[in-house]
Amino acid sequence: MLQPSVGARVVRAADLAGTAVFAVEGALAAAHAGFDLIGILVLSFVTALGGGVVRDVMLGLRPAAIARPEYAVIVILGALATALPASVRPPVSSWPVTIMDAVGLSLFAVAGTEKALENAVHRLPACFLGTVGAVGGGVIRDILLNEVPHILHKDIYASAALLAAVVVVIGRWLKLGPRPVALAAGIACFGLRIGAVAYGWQLPRIA
Amino acid sequence: MLQPSVGARVVRAADLAGTAVFAVEGALAAAHAGFDLIGILVLSFVTALGGGVVRDVMLGLRPAAIARPEYAVIVILGALATALPASVRPPVSSWPVTIMDAVGLSLFAVAGTEKALENAVHRLPACFLGTVGAVGGGVIRDILLNEVPHILHKDIYASAALLAAVVVVIGRWLKLGPRPVALAAGIACFGLRIGAVAYGWQLPRIA
Amino acid sequence: MLQPSVGARVVRAADLAGTAVFAVEGALAAAHAGFDLIGILVLSFVTALGGGVVRDVMLGLRPAAIARPEYAVIVILGALATALPASVRPPVSSWPVTIMDAVGLSLFAVAGTEKALENAVHRLPACFLGTVGAVGGGVIRDILLNEVPHILHKDIYASAALLAAVVVVIGRWLKLGPRPVALAAGIACFGLRIGAVAYGWQLPRIA
């Protein structure tokens, strides 16, 4: 009885932490673009919650972000963090932010893929939904900033989320234990993402 | 028996009037951008109905705009209004349009927040949904025009909708009568919006 | 017993063929924009499946694209086609692609409008949903490419889909047989689209 409860609490804490990181990133991007207070709030919401909302709507579920208040609280706190003096707040591209972002990405990709499988989505589109939940918020943020979404041409980011989704789907297919599968998927995503930032890995392009 | 029916008819008329104003604004923006007839029609639909559709889809409801025909009729009439000779039709930024737009904004923000609360959304995300319903159409319009959405960096517009949503939520929380709460929320939104246009109020930015 | 089954199989094959064409177009556009492999995959998915997903979500249905695996398979194969040597693969704007695209457009417009009517949407918004399902994927693709969607200002494309939707709605209204109505609608859409490309037809603009 204790184990699952501890595990659930860890996942829950990590979910809220990931939401907070994405909210801060959205707020900093908005502040950097010269948006006003409401623009900062909107970009925080969209970056942190947009991917999960799109995924849940496709699944026919009410998005957790509107069913429960704590996500909105976290996002508002994250957005307010940009009001901290510049000497205190971390730059958008610093290592601590990159690491927290990679943790959030891994968690959202794993949890989103599991959610899709639990809702009777076929394995192949489940990979797609898991990736959408993890990177969709960033895509909407970039659209609102009037930029080509970074994930389409820069870095290894969506690919790391997709890798996590594929590991989850294959692990579940092979009837492996859900916890080791989730852990392996998360580590694969985190490792690929951090490796890509550290060593400048890029996906190939087609000439 | 008479009173609610009169109230409902007023709200209904105002809802359709707000839809018409937003449709005209979308059509004028499309004509100004050099779009063709179908582009004008698309931008009318999106501006007038997009916010409500996104809100209703998140709520798990069938959007009123596809369940009932009168919204589409209104939008088509609104789009056709741009075909009027330029000497007759009002410029996009004239005072009559600004006032009608502020009325539509207030109405959509109040009605959308109430709809969210009635569908068992928590108070905090209900504010978010009420605002989305009121300003979402304009955001999608700006995205289609390939511009950074105005509400993120210009004017006081989404903030006025958010104010209305917050007043509705607090009023309902305090168990005040629904009609005075709706009226107070609408007046607050309308007043803030008109004051912002008249006096050039801006939200602060973060340096 | 044979007839409907043959008809259903033809529609099904045409649906998958249309999906494949749209996927290839999305992939080629992504490759042309210099996107990496994941960007190509994302644009393929979005172009081929985005319109249908938006339509189905508005209808309150689970999108076929996530309920069944074959759509994802088709899209992945379509995306991989861009990896073919340039000497083998057709240019985006060649006649074979234009014709296949017009077939896909006609089919999606007809099938989407019928789906909307079957789900108790009123006739007027059903025209809107049929058009969205047919052209929505291309609109999202253009947004991700950070361009003004082509359908808003170029060519006759969405208008052809709208024509098909209107023919379906009127034909069903007049209680004509579903198959001749679908055929007439598809031919009207295909003919208008191909005529527009061949003769450079344009919709009027408003000065």
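Which chain is which? They are A, B and C, in the order written, and residues in each are numbered from 1.
Definition applied: contacts are C-beta pairs under 8 Å (C-beta built on N, C-alpha and C of every residue); 3 or more make two chains touch, one makes a residue touch a chain.
A quick note: this is a predicted structure, and the numbers were derived from the prediction, not measured.
For the touching copies subunit A and subunit B, the fraction of interface residue numbers used by both falls below half; the interface is of the different-residue type. When subunit B is laid over subunit C using CA atoms, the rotation angle comes to 120 degrees (nearest 5). Inter-chain spacing, taken between the CA centroids of subunit A and subunit B, is 30 Å. Counting only residues that touch two or more partner chains, subunit C has 57, 60, 143, 146. Those residues of subunit C that touch subunit A in the complex are listed here as 30-31, 33-40, 42-43, 45, 53, 57, 60, 62-63, 65-69, 71-73, 82-83, 86, 143-146. Within the complex, the subunit A residues that touch subunit C are 57-60, 116, 121-125, 128-129, 139, 143, 146-149, 151-153, 158-159, 162, 202-207.
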